[in-house]
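Notes for the one structure printed next.
Labels run A, B, C, D and E following the written order; every chain starts at residue 1.
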Amino acid sequence: MTLNIEDLHQIAKIEQDTQQGFQHRINVCVAAGCLSCGSGVVKDALAREVGKRGLDNWCQVKGVGCLGLCTAGPLIALEVGGRFYQGVKVADVADIVEALGASPVDRLLYPDDSAFFQRQLRIVTENCGRIDPERIEEYIAESGYEGLYLALTQMTRQEVLGQVTESGLRGRGGAGFPTGLKWTTVAKTVDSTKFVICNADEGDPGAFMDRSVLESDPHRVIEGMAVAGYATGASQGFIYVRAEYPLAVKRVRMALSQAERMGILGNNIFNTNFSFNIKVRLGAGAFVCGEETALIASIEGRMGRPRPRPPFPAEYGLWEHPTLINNVETFANIPPIIRHGGKWFAGIGTEKSKGTKVFALAGKIVNTGLIEVPMGMPLREIVYEIGGGIPEGKRFKAVQTGGPSGGCIPQQFLDMPVDYDSLMQVGSIMGSGGMIVMDESSCMVDVAKFFMEFCMSESCGKCAPCRVGTRQIYDILCKITAGGATTEDLATLEDLCDLVKHTSLCGLGQSAPNPVLTTLNYFRDEYLAHIHDKKCLAGACKTAKEVS
Amino acid sequence: MGKTLTIEPISRIEGHGMITVTLEDDGSVSDAKFHVTQFRGFEKLCEGRPYYEMPSITERICGICPISHSLASGKACDAILGVHPPETAILLRRLLNCGEYIQSHALSFFYLSSPDLLLGMDAEPAKRNIVGIIEAHPEIARDGIRLRKIGQQIIEFISGKRIHPAWVVPGGVNAPLSAEHRDAMLQMIPEALAIITRTLTMFKKSLENYREEIATFANFPTLFMGMVDADGNLEHVYGKLRIIDAKGHIVVDNIDPADYQNYLGEAAENWTYLKAPYYKPLGYPEGIYRVGPAARLNVCNGCGTPLADQEWAEFRSLERGPVMSSFFNHYARLIEILFSIETMEKILADPALLSLRVRAIAQPNFLEGTGCVEAPRGTLIHHYRVDENGLMTWANLIVATGNNNLAMNRGVLQVAKRFISGSEEISEGALNRLEAVIRAFDPCLSCSTHALGQMPLLIEFRQVDGKLIRTLQRG
Amino acid sequence: MSHHPKGKLRTDLNPSRLLTFKIDDRDVSAREDESILEVARQNGIAIPTLCHLDGLSERGACRLCIVEVRGVAKLLPSCVTFPRQDMEVITNSERVVNYRKKILELLFTERNHVCSVCVSNGHCELQNLSVELGVTHVRYNYLYPEHAVDASHSRFSVDHNRCVLCLRCVRVCDEIEGAHTWDIMGRGITSKVITDLNQPWGTAETCTGCGKCVQVCPTGALSEKGKSVAEMIKRRQFLPYLQMMRGRQEESWQK
Amino acid sequence: MKEESATPERKSASAKQPPEDHRLRMVNRTMQLYRNQSHALIETLHAVQESFGYLEEGVLKHVAGTLRVPLSRVYAVATFYHSFTLKPPGEHTCVICMGTACYIGGSGAILGDIKEKVGIGSGETTPDGKVSLLVARCLGSCGLAPAGVFDGEVAGKLSPDNVIDKIGRWR
Amino acid sequence: MAKIGLATTWLDGCSGCHMSFLDLDEGLIALADKVEIVYGPLVDYKTFPEHADVTLVEGAVSSEADKKNILNIRARSGVLVSFGDCAVTANVPGMRNRYPVEAVLQRGYVENAEPPLAGSGEAAFQVVPQLCPHARPVHEFVHVDVFLPGCPPPPEAIFYLLQELLAGRIPDMRGRTRFGA
């Protein structure tokens, strides 16, 4: 079966009509966060309740992907009227159905004028929480796969590369390398075999953007990959996804087989001579596999140990063939870029950071969850308006971005625009989008220790500075938090951070000292208090003095 | 109300020790103890290591008698392999041992004890050291330095390194001797002989001055143990053990060192890291025995070399039976230097010495092995067990100084009782004698505890319940 | 199996193209596919290395061979970095020398290196590097991990206390002997070389007993049994020879 | 830094697991799916772990032979990745998330309490074989921090008390 | 010219480094003119002086007593020299670090003793100083000015060190000795 644009439109039309047929649509979040609060049971109960009352043709109950506001789960969205119910229990189900078309159930109502939803700009997550991720038709109804069709049938490879380059999209996985440039490099290589890899091995502890996108809108990623395959001349793709995300794996596999069945993946897609297939590969719990060359090694069935670059995977990648690697969010940006044009995308965000960014907002903040905002939004707005500020009246201390490779941004930079370069300037990085808010009860030395422990146990062990250096740094941080360190130890700590940063083989080691360096930079007083006064200013560490 | 007097560190010994003396209310001495205060755990730290590393690891027990440890260890490893090293290797090992006896005994006599002997027990502490000797008796100091150097050079000629040479290996030694080095050693003999002869004469003349010390430095009856060769003559490396009683009668003879456990037990006490070996059939602590230079001269039938035999005869004529006072260790040490020089001369003349066959190669054939030599300070036993792969599973070391532990403690008590009494004013000389009795044994505490170290001297007066009344500091 | 970027598929390197560049202000010429390390050594300029061994694939892992390249912010491992025309390489700036020292010191803290009683004392590359780089002490605290000796093989033993994880053993076993008995288990600071299923070496069915791993090991980690302290002198002449001969055989089979 | 020793029942495994063992069927199917190519190793190990609950040594040999991957390489891969375990798990499994949000939320204290009151650390199983404790890097449930998984069920907003209570009910 | 005050001390070591110092042989006589030994195992001073210009420390820090001593010695020393491998790297004494102190004492005083020590392990020892869990290098506890590795350091290196110090220079020991020399 090969589709053409009419077929696509037909599918979309049928789907849209069906949807319109319902007076009410109840969207129940069935992403991992809400599921773990019991949203699955609530969804079933709602469906039963609707059926019991014979309202099947009047009201649709469907599971959707992440609505973003994970704190409030299980979360329900009433599409007509735009209301949100939070913390829904099975016991609430009758009331909810009863209230359809009448005044809402006040006790469950989430203030829908909340800045949480208002201030966001959703591109990557445009379908999240709106469509049923397990049905390709719903994706197609939202202009899904139109971008791929456009690219294959009306654009040359050069034109696709041109649009991506023009969009100014930068890699959302960490370093922010220009996507157009990466694609062009792979496209230029001369090799009959090339690969496209989607890095969905989101390992940053405190980030779940990729998981959400894969759980809520998997087809978008598939479409982005297929476009990339076309543009670069690759015919085989891999999605390397964490085994710890079983729901995401399930939905991606489901989406792949739906796309294959429809001929959107496979041979001669849309009757062109472009063929593209995607396979899922499971990660097995190694943060370092986020590094391109380690990821490749892992797909090849080996230990995920990075190798020196150059040569870069774009020239010398999977099984020694040119390979394009982007992460989930990057690929998810592609379909709208193709549909609306690179210029449109470039109009969003800041001069050097285009588009939007998805963040996983967590920590000591009122609204924890998944958000998408235009690049350049001030940090203060994210924390205080979208995030709703710090709970329990505590004082804001810092925001950690970029996970173990990033840094802690203190109060004085709250008005800083969030984009690649501003973050870099203050010593942090954009990273994949983890954003952890800390209040006065968090000890910054302890936070640095937490990340160093992470880097130490995630170090692959290949190069000496990272393998041993991270352990040495961790030991010193332990000594500091235990109140047993001297100023000489502090000097050694800084010396080691410099060493590991500048001599490690791969990005993991090179950036591992960042959390220590930024906290040393902005919160040195906390280090000194542990050392001189044997005291933890935040009261989080049990120093020897306090224990005795 | 009882008090305790503490002397720490004991200086001019190879190691780290402390003496406590417990005083009765009237100031008289009720008890005295010699404590060894550090510990390194060689018996454990070698666990899991390959047996063939043992000679080098155990060499690090002591910087003064590393050769003895490597020889005992090498012999224990020979036993594990189940081989006899080639004749040349045995000659070379014995030759190496001669070098060690010369340097170690020279160190003990000239560097550590001569200040007491030449400047007097009551001399000013600031002068009572080798620098004081250099100033007061430059020619004797020079002799001491030369003699020790000759010993160290011999070791270096044979093994390539003066301290911790890693040259004794399981099954033999790791390199043959060159003719050039042999000749160099031969050339040193006349000077060495001249020095030792001078020193013996000088020492014998001065014996008069030490009546008090001779009478009290562990002058009591005990058993004696030492190694003898097949003829019952003095032997340091390849021989069997003999134990005699205070009357000079042989208690046991021809003990194969591998059977040491039938004769020797080691007791542990909680106030010292140095264990106390005792002669098992007599039990603990009645099985007190002594080892070392005087003990060796006591147990043997003679030295087996002409000059040393003359001196030996003179030494043994000091008393009717065995020489009892441990003070005479100094004397015996000089005789053993002479013996070692003569032995060396004999070995150097052996045509087999330069053979290239110096090592028997084998895999472990036994899972257990014992090696025993006479270290300068006394009998040294290494006992190892290994697993099927040759990795150490267990080790027991009885070191020279340990053998003398019971005797040293009794010696300290004897001196304390003699020199400390009544008043609280304890003379400098008395304190020094408490240490000198220990020095007479020349304890190698690095060996015995497998450790060393130092602390300031404190004299602590304590009530019986341990409460500190008063502290005196000396220095 | 190490994927060496110098492999045949590296399309951007042209073995026939000659270029000139500078190492420590000296003009040198090289083929484009020769690493900076190779070129430096050909010109008598010593760059310290540990994981590199002529005849084995490169890993770029020990980081001791890092050099500065003028105009490049990052330090580059000279074993896997290739020259470009007019490149200016500095091999001995204070900066890189200091980093090398620190890396070496980290290696000393990682395991339990007791040089004085090591079979390789006096013939050890780690020890020699400490002399070469002027390391007279280790500024970082020793970690004292628990590691054992495996002496189950009839002729060789492996002492993990002395391993620096250079993986020469793994590579020679895979690339030259073709047995792949060795590999490395775990990750990070807990990494350890193993034989077969992390079983005693003597029970590893795949080991041919060829002993190449022992000879290429830079330290006393791998040694011949029965060799005492300081006696383990490694012989490696076979390595470039075998590499050459294996290449030749391949040709003759193809005929 | 304890070494992971080779499992004691070394020889038993291959004999005990003849190829017709039903648990092997899924493993074999996975390998066939990849035409027994060596790069299927990780996927296959996932399959082994799923069918057996852990990476059984005999099965590892079988996998090595079928995929023609050196034994040491199989072991290396099996120990490189955190998802794999070489020891049989306990009857019940408790996973505590140590992602940043959960750590900030106090999951460190929870682990400390488990260590103190149940006596097991990460990767360990109680001596009675009832409970295994694992630590996850991030469950992606940061909104529920601190979060954990109890026998496959995600639970959020954990506290030391309710975790000890949950574990207590298993024993 | 006033003599410089030289102190030497040993912690957990074998005395081999001190012996290597004595291996200066006749050099010692020449040294006696320029150097006064103000503390050490070869002389009879019982307390560490208020000030020593140069202190050579042999051995690793292994017991509570060593710890106390080295802090005191550091405070009273001008130039502190880590003397030999045990002081610089912990060397052979550090080999016990693989085992808990309890196990080390157990082997020595219970398994290999008859009658064995009453009580068990460290607690059983009353008068003698407690052992630290690890034997560690001196510079992990106090600042060290010069490192003189070697097991033992060769006499030539010791001679060079003293000559440089006498000339008022901090010696650069690189290339003159090494770990395990």
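In this section, a residue touches a chain if its C-beta (ideal position, glycine included) is under 8 Å from a C-beta of that chain, and two chains touch if they have at least 3 such contacts.
None of these values were measured; they are calculated from a predicted model.
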*Figure out the least number of contact steps between subunit C and subunit E, where 1 means they touch directly.*
1
*Would you mind naming the chains that touch subunit D and likewise touch subunit E?*
C
*Can you name the chains that touch subunit A as well as subunit C?*
D
*Could you find the chain whose CA centre sits the greatest distance from that of subunit B?*
A
*Looking at B-C and B-E, which one has the bigger number of contacting C-beta pairs?*
B-E
*Nearest chain to the global Cα centroid?*
C
_Gap in Å, rounded to a whole number, between the CA centres of subunit E and subunit A_ = 57
*Measuring from the mean C-alpha position of subunit B to the mean C-alpha position of subunit D, what distance in angstrom results?*
59
*Just how far, in Å, is the C-alpha centre of subunit D from the one of subunit C?*
34
*When the centre of a chain is set as the mean of its C-alpha atoms, what distance in Å lies between subunit A and subunit D?*
25
*On subunit D, where are the residues touching two or more other chains?*
73, 76, 80
*subunit E: positions in contact with at least two other chains*: 91-92, 95, 98, 151
*asked:* Multi-chain contacts only, two chains or more: what residues does subunit A have there?
replied: 286, 302-303, 458, 460
*asked:* Edges wherever two chains touch, nodes for the chains themselves; is that graph a line, a ring, a star, complete, or other here?
replied: other
*What are all the touching pairs of chains?*
A-C, A-D, B-C, B-E, C-D, C-E
*Of subunit C, residues touching subunit B in the complex*: 116-117, 119, 121, 148-149, 151-152, 154, 157, 159, 202, 225-231
_Looking at the complex, which residues from subunit E come into contact with subunit C?_
82, 85, 88-92, 94-95, 97-98, 134, 136-137, 139-140, 144, 147-149, 151, 173-175, 177-180
*Could you please specify the touching residues of subunit C with respect to subunit E in the complex?*
108, 112-118, 121-122, 127, 130-131, 134, 136-139, 141-142, 144, 146-147
*In the complex of these two chains, what residues of subunit A are touching subunit C?*
189-190, 286, 288, 297, 302-303, 307-308, 310-311, 315-316, 320-321, 456-465, 467-472, 475, 492, 495-496, 499, 502-505
_subunit C residues within the subunit A interface of the complex_ = 1-3, 5, 7, 9-12, 59-64, 66, 74-75, 77, 80, 99, 102-103, 106-107, 109-110, 139-141, 143, 164-165, 184, 186-191
